[in-house]
Each structure stands twice: as C-alpha cells, then as structure tokens.
Amino acid sequence: MAFRPPADAWSRRDFMRNGFGSIALLCTVAAPDALRPRRATVTSAAIRSQAKSPFAPFQRDLPRIPELVPVSSTRTRDTYSLTVREGLADILPGFQTPIYGYDGVYPGPVIRARKGREVVVRQKNALPFETNVHLHGGYVPAEHDGHPMDIIPAGGFFDYHYPNDQDAATLWYHDHAHGRTSKTLYYGLVSMYLLEDELEAELGLPQGEFDVPIVIADHAFNKDGSLRYQENVDIGFRGDTILVNGAVSPRMAVQRRRYRLRFLNASNARSYALRLGQGRPLLQIAGDGGLLTRPVPRARVALHPAERTDFVIDFSQYGPGEALTLYNEDGDGGTVPILRFDIQGGRVSDDFRVPTRLRDSEPLPAPNARRTWNLALGTAAWQINGLSFDPNRIDVRPRRGSTEVWTFVNNSNRVHPMHLHGFLFRMLDRSSGPVELADKLGWKDTVGVLPNETVTVLAWFAPYGGKYVFHCHALEHADKAMMLQMEIV
Amino acid sequence: MRVAPYTVAALLAAGLALPAAASAQTTIEAIDGVTNNRWSAPDITVKVGETVTWSFAGTTLMHNVKASSPNWTLDSPFAIAGPSVTQTFTAAGQYAYLCQLHASTMTGVVKVTDDSGAPPPPPPPPPLSEQPYANDAPPLTVFERRDTLAPKLDRVDVTRVRRGVRVRFRLSEDGKLAVRLTRGGRTVKTRTVEVDAGTGALTVSGLRAGTYGVQVSAKDLAGNAAKTVVRETVTVRR
Amino acid sequence: MRTEHSRLRRPGVLAATAVLAAAGIVAGVGVAGARENVTVYSVENGLSPCFSKDAAGPCGDAPVVTIRTGEKVTWNFSGAVATNQYHNAAAKSSTPANAAWNARLPQNDIQVGGTQEFTFGAAGTYEFKCGLHASMTGTVIVEGEQVETPAPSETPTTTQTATATATATFAATMPPSATATPDDHLTTPAPGKGAPKDTEAPRLQDVSFKRVAAGAQLRFWLSEQSTLTAVITRKGAKLPVTSATRQVPAGTRALVLRTSGLRKRGSYTLALRFVDALGNKSTTTVETLKVK
C-alpha cells in the first residue's frame, strides 16, 4: 500500500523539515524561501522509513486532539453538541479504520471547561445500540453521571449538565452502557475534558499549544486495517500496538521549553510503567483529582487504566536534534515505545518556573465507617464481596458529606483498577510498599490494586447524593459484572 | 459411516434396494451431554455428490447445525429433536460446521474429496477483516538520542572598545557563549548569551579603565562544551 | 397439579380484590413505591433443569408466584453461567389471553446467565417455560386491577427522547471463553458493518478573518460538523504564527484563535481545511489579512 501522509501533517516540524512542498493542501500559499531547512534532513533513512511496516514507531507526528467549539455560550454556561456515531480514522498509513467516536473522531474532541461555568453537552446517539456518557472524575449529580442503567436509546439524545463545581483537573468522558463498555471504549468512544480554574491559571503553567492532552490505548489490527478485538475476561484485552492520540507510537516535535503533558490511560485493561529516556525524571504536577500540593519528580510512573497524570517536562536543557523516548517498561515488542520527543532548534522565551507549591490540601471530616471490598473471581464472573452488579440492589449507603475508609483486598492475581463514580478519595496505605508520594499529595478516583494486594483509601462522599456505582476499570471485568451500586443518602 | 437403522428398515420394507455407493448417505447425530454435547462423528470424509445428514433424533436439548467456514452456507433453526438436515456436496473442499448453542464442543468438518479420492483442497482463507495484522516492529533498543558532538569555537578576536570589550567569534552550532572578565584575579563580570551558529560579536560595556583578563568559552544547546577556551588580556582606556 | 392449584385460587382472589376495590381501598394498585418484585431462578440439574423460587433449588414442583398487577417478575439465569447453558422465560399460556405475554416466543431471547423480566399489567394466570428445556416451567398468578405497563425495552425507538430512560434489561453476562459464541441481541457489533455512506466533503462559505484583541477571529458558515485545521502564517516568517485544531458544529460560527503573533505589520495568511467523520476533506480555503 502506498504511504499516505497522515491527515494531521500540519506540525511545525513538517514546515521546518520539508517545507510546503510536501503538504499539497497549501499549494496556493507562496512559500517563503526562508523556510528552507537548516540542515539536510531528507536522508535516505527517511525515504526508507516510508517503506517500513505501518507499526514502526515514530513515523508520524503526534496528532493534536481537536478542541470542541460550543454551539452557544452565555455568561454562565457553554452548550455543546456531540453525535455518538461511526467514523473512519486514519491510524495505520494506507488504511482507514472504522471506529465509534464522539462526532466520529478518535480520540473524541476535547472540551475545555472552567470551574464555576456550567457545561451542557447534548449527546445524540446515532449508533444502532444504546449508549450513555460518564464524565470520569467529575463531581456530577447522579442523573447526569452516566449510571450504567441510564441509557440513551439508539436515535435518542440527552442533555448532560456538568456544574463544574470542583478544582481544576484532567477528566475524561466515555460510554458506560452496561455490558458494552469494553467494546465501545476499544472502538473509540473516548474523549478528554479539561477543567481549568483561576488558581491554576495563576500558577502560569504552560498553556495553549504547550498544554498537550495525550490519550494512550493499546489496540490490535486486522489485515484490512480494522480494529481487532479478542475478549479475555481473565486479564482483560491486550493489544500489540500502542496508539497515542490515534497514531502508532508517534513522535512529537518540541521546542526547547517546558510543556505540560496530560496523560490518560484509555486502555481496556493494560497498565503502563512510564519511563523517559535513560532515567530522566518526570515531574508530576497533577493526578486524577487535579493538582498535587507540590510537584513530585518521578523516575518510573505506573499508569493504570483510567488514571490521569500531568507532567511538566523541561526540554530547554537539550539541544536541537536530540530525542528522548517515553516508553512503557512493562511492555514488550510493539507495546514498549509510546512517544519520542524530538527537540527542535530556534530561539524560545520561556520564563516559567514550576512553583514549589501548587495548591492547598483541605481538611476532611473524620471517617464514620470502614468497609472492606474483596475482589475475586466467582464462578466464571468477577465479583466484589461475592456479588455481581445488580441494578435492583444497593450495596452500600454512605452518608452524604461523610468520609469512609475503604479497603480493597485483591484475592486474585490480576490488577484491578478500582474506580468510584462521582467522588474522589485519598490514598492511605497499600500492602505492596509505601504509597507513592505523588499519590499521597493529591486526590484520586482510580487506584490500581495489584495482584494479592490490599489498598486502603479515604473516600469523601460529597457533594451530591443519589445512586452511583463503583467498579473495576479493567472493562472486561466491569462488563462481567465486577461492579456494585452505592446510594449516597 | 453409519446409516440410521430406520432408514434401512424402511427401504427394505418398501422393497427397494439399498442405495448405491455413488449416492451414499452419511449421518451425523447430535448427542446430548451435560457439559459436552457432541456430534457422533464430527469429522467425516465423503466424495463429491454424496449427501450428509445431521440428525437430532433422541435429543432433549436444543441444537442446530450451522456452517462455520465461508465456502458454504447452512443454518438450521434451533429445535429439540428437530427434523434432520441434509446437504449434498457438489464441490471438493473442507466444510466446517458447528452447533451454535454448543459451539465449543459441537464442531466438525466434512471433507469432500473428488471422484478419484484425492485429498480435498484446503479451506479458503478467512477474509482480510478477520486475519490478524500483527505488530512486526523490531524491539526498541535506543531510548535517547544525544548530541555528544562538541561545537567548534574559532576566529575569536578580543578587542577593546570605548569603555568596553568586544568579542568576535565563530561558533559551529547554535549555542551559548560565555565571556568572563577578570581583574586583579577576581571575576568582575560574566555574560552568557544564546547565539546562532556562524559568526557573531558580543560587546561588554560599562567597564572601568584597566587591564582585564577575558575568557571566552562556548557550549552548544545540548550542553557540550567547545574545546577551545580563549584567554586574552585587554586594557580598557577611558 | 399446578394448573389445578392456580384454578382453585383464582376466583377467590379476584373476588377479594373486587370487594376491596368496591370499598374504595385499592390494595397496591397504582401506588408508586409499593411495588414488589419477585425473582424466579433457573436451577441446573443435569439434563432436567428447572425453575425455582430458590436460587439453590432443589428441583421439585414447578414454582408458582403470586403478584399484584403492575409488579414485575425477574427470571434469573446466573446459575447457568458455570455450565454455559442457554435458557429463556417464554410464554406457555395466559388466561385470559395476553398479547404482550404471548409475544414471548420459545425460540426468542435465549441467553446464558443474566436476567429477563416482565411487568404484568393485567390480572390472570400466566404459565412460563424455557423454550429449550421441557422440564423448566412455572406459573405467575397476577391479581388486581389493570395497570399501565411500560413498553418492552428491546424495541429501539427512532423518535428523539428528551430524557435518559432507565432500561429494564440487565445485560446478559457471557462466560469467559475463547471460542466465538453466537450473536445475541446484547453483543456490541464492531464498527464498519453499517457504516454510513457519506462521501460529501464539508462545504465552507462566507469566510472572514480579522484581527481582534485576543488574536485572530474567524467567521464562516460550515455545512456539516467537522474537524478544522487552521494555520496562520506571516509572509516572510519561517514558522507559522499559530495553528489550531477544532471540532466545529455545522452552521454559522465565529472562532477566536488566541495569539499574540498578529501584532507586527505585514501580510498574514489564514489556511482552513475541514475533514468530516468519514475522512471527506474540504478544499483548503485561504484568506489574507494586511496589518498596518
């Protein structure tokens, strides 16, 4: 198959490296002759790379996720409209891959929201089966949270109201129709929701094109370029290729300055161990629930399904032409390379210095209940405390405004990323070793409970009441009923 | 190859001869099991033109028979002890089938040979949309690409100007030029400036009259230091 | 014996309800929140599985459950997951004849595990059976006044509904297995089978580009929702001033691209391109702006 330039070939790198000639779309624009590349860059290696396998890493530039434009905006509210539909994505060069997507794109368009401004999203279902939308990590009233039984039937629509009454955080939204989530996420229903607030804006963190949402998910393919799904209820789906923003292990041209990278693990069930270059530190500034109280440098970062981690990486200490690879230490073959940062030349002014204090930690009420949740495989279905999801049964009734100590005991040898809808928690303790400092200094909504491990968290059941669920976010487990229902009263 | 007893009995009763080998029948029976429902003779070989019968007589569980290879179609309705299903094979090949309700244990293949009895051609490959496209990229071995080449600093010319010192230089890569002025053994001033590759000039002004030691060094943006470090002395006049 | 049992009971119960209704005390009918729901379980038993009110069985007489109109019976097949057995809860008979009930045909909706439900709006005697297993039968006796029942949730609606509906169907859990299992109505299909055949590229009209305090303002009319890539370059400069990717709804739109790069005097060029969900690309539109 002839190599097809990716639909997103608009990065600065392309301009610098190849000039306008390679981008036929701009043939009407006069090409400034100053755009000749500084060094000879069209090497024989570059030509050879065009004939390589579509799975060769770093052949494509990191696609930028489109930002969703609102349908209307008032002083207090932004209204958006999305259609959940089929689409075609350019993933492997030379192929078009059928996907399900928000507005038919993969990953779905990112919504930028502000604390205190309500967002209303009209989700229209153009799929042949039911769907719904769960804003993962959001403080949302129960009717708008995407409870697995609150579905939008095929052909219907629903207006989700997000109050955005919470601190700045990297959230994401995806389908949550019961029994379907492992397929719908895999086939492309994933999107990010970046909530900003004034306190975060005052810190002056990198913004605009230097604030980059990055969606990581493992996939597998068929010979016709379509996505290949193999159900495995034991360990969950495992693909052999890492897609980053919908491209196979791409490269990212970066200027010699600081970038804020917001990572989301949108895999069905694969956990990643992120490492940068030869032991370069990754400075973490935020987790699932928003900014940490202070930044924490980390050498190796575990990222379990549904977790988000924000890093600030300073590329100013590197020279043009150098490259750093972010990779997955727990992978093999195609699931090792994630992203390669190619440092570009050029004068850059970046006065930003990461502050030593990012946010304060609020005091919490003392816990008024302790609960233990046993995670185990029942007779051919995953269970929590011996139970599988039953929408007619409430499994726990925490009191609204209270905190509770929850202990997850993993009686299996599989990782279970346990996630609470609608509420956040603090990490208290874990049996596999000390809790990571970064996990202690912030809020989380998803924690990867390792095989045979016991993890204790302090959950805060505020501000909304009603029926929510909590479940394992290895979606093959969740669909085979590893989910319980809670009612906050 | 079994022929169901009642068929033989019926034929005999009707006074007909047993069917000739060329149009022989082969029957595969469905057999119930609590966890292992199965076919009596799942893999059989017949000749072109022969007929195969799937029989469900005597079952108390629901079964069906469905083609599972793309070279033929067969799809019988689900039924308990339903009617037999027959298929005459007119082309050589391998024809896979299964019971949809018990797909893990009730599968089989009918191999149809041509008249000469030669082995049948292999089944056609599944369509591209069902063939895996495995990730064949070679393993990653390099996690960093560093520039370890030191830049070249040359054509350094330090001259005095009015109340200052001017340094002309040439640097082979974009980098940082550092000029350090010492007087009487102590460092008086340092200036570090990002410079582009090529020739350039840097002027340090606002100096008092006197004799200064000037040290010029350079690094590229990756931090590699140029080997050349120029040390000169300049006297600044009022 | 089962049938006799139900016949004996029915007239007396109906009479009692009639008396209550006449007295103005309507027991549980139409009162929200007073509903009780009953579960009947499938029980594996070798070649003769059965229905039972007890999830653990054992298999004995066919179960009889009695409920009031408006209440729901759930048939729970989770006991069949371990042995991968298919069951359903089909209609064997209904007295008086009930079309909604009789639509539960024995060959439909067979599944492994999971549940099925039916909300009984009309009084009567309903016999159920598993379409695959003759040994699995039971009876539901429904007493009370006729009430409205929700429409079966399996029918996909094409009308636009304004609220999310709570579905009554709990998705069947399939046992983990490496072999392909036949399609049931809860399998999520892979995309591409029913892909819409839109080959029309997005169209653009009335494009304008001007400088505002925050940066650049673009106005245009767009024919269909698509992904926009916009690049602004300045004549004579090496790198673009700014570039942006946006997901834009159809219609008349005004976008502001925040940039400080439009301050200098010169000639600026805006290039716009749209791609729809199926990869149809618009032509690239170019607008120029002279800043003095």
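Going in written order, the chains are labelled A, B and C, and every chain counts its residues from 1.
Everything that follows uses one rule, which is that contacts are C-beta pairs under 8 Å (C-beta built on N, C-alpha and C of every residue); 3 or more make two chains touch, one makes a residue touch a chain.
These numbers come from a predicted model, not from an experiment.
Engineer: What topology does the chain contact graph adopt: line, ring, star, complete, or other?
Structural biologist: Contact pattern: complete, every chain touching every other.
Engineer: What is the chain whose Cα centre is as far as it gets from that of chain C?
Structural biologist: It is B whose centre lies farthest from that of chain C.
Engineer: Starting from the mean Cα coordinates of chain A and chain C, work out the distance between those two points in Å.
Structural biologist: Going by mean C-alpha positions, chain A sits 25 Å from chain C.
Engineer: Compute the distance, rounded to whole Å, between the mean C-alpha positions of chain A and chain B.
Structural biologist: Chain centroid spacing, chain A to chain B, equals 21 Å.
Engineer: Calculate how many whole Å lie between the centre of chain B and the centre of chain C, each centre taken as the average of the chain's C-alpha atoms.
Structural biologist: 33
Engineer: Please set out, as single numbers or ranges, the residues of chain C touching at least two other chains.
Structural biologist: As it turns out, chain C has residues touching two or more other chains at 192.
Engineer: Please output the residue numbers of chain A that touch at least 2 other chains, ranges allowed.
Structural biologist: In chain A, residues 226 touch at least two other chains, as defined above.
Engineer: Got the chain B residues that touch at least 2 other chains?
Structural biologist: Touching at least two other chains: 129.
Engineer: Chain A touches which residues of chain B in the complex?
Structural biologist: 127-137, 139-140, 142-147, 173-175, 194, 220-224
Engineer: Could you list, by residue number, the parts of chain A that touch chain C in their complex?
Structural biologist: 7-8, 10, 12, 15-16, 25-26, 28-30, 32, 34-35, 64-69, 71, 81, 83, 85-88, 90, 96, 98-101, 103-105, 109, 128-130, 132, 143, 149-159, 178-180, 183-184, 187-188, 208-209, 226-227, 229, 231-234, 346, 379-381, 388, 390-392, 479-481
Engineer: Which of the residues in chain B come into contact with chain C in the complex?
Structural biologist: Residues 32, 34-35, 60-62, 77-78, 80, 100-104, 129.
Engineer: Provide the residue numbers of chain A that touch chain B in the complex, in ascending order.
Structural biologist: Touch residues, chain A against chain B: 53, 55-57, 92, 220-226, 228, 240-241, 256, 275, 277-278, 280, 317-325, 327, 332-334, 336-337, 345, 347.
Engineer: Report the residues of chain C in contact with chain A in the complex, numbered from low to high.
Structural biologist: It is residues 37, 74, 78, 81-82, 113, 156-167, 170-176, 186, 188-192, 194-196, 225, 227-229, 231, 233, 235-240, 242-249, 253, 255, 258, 269, 271, 273, 275-279, 281, 284, 286 of chain C that touch chain A.
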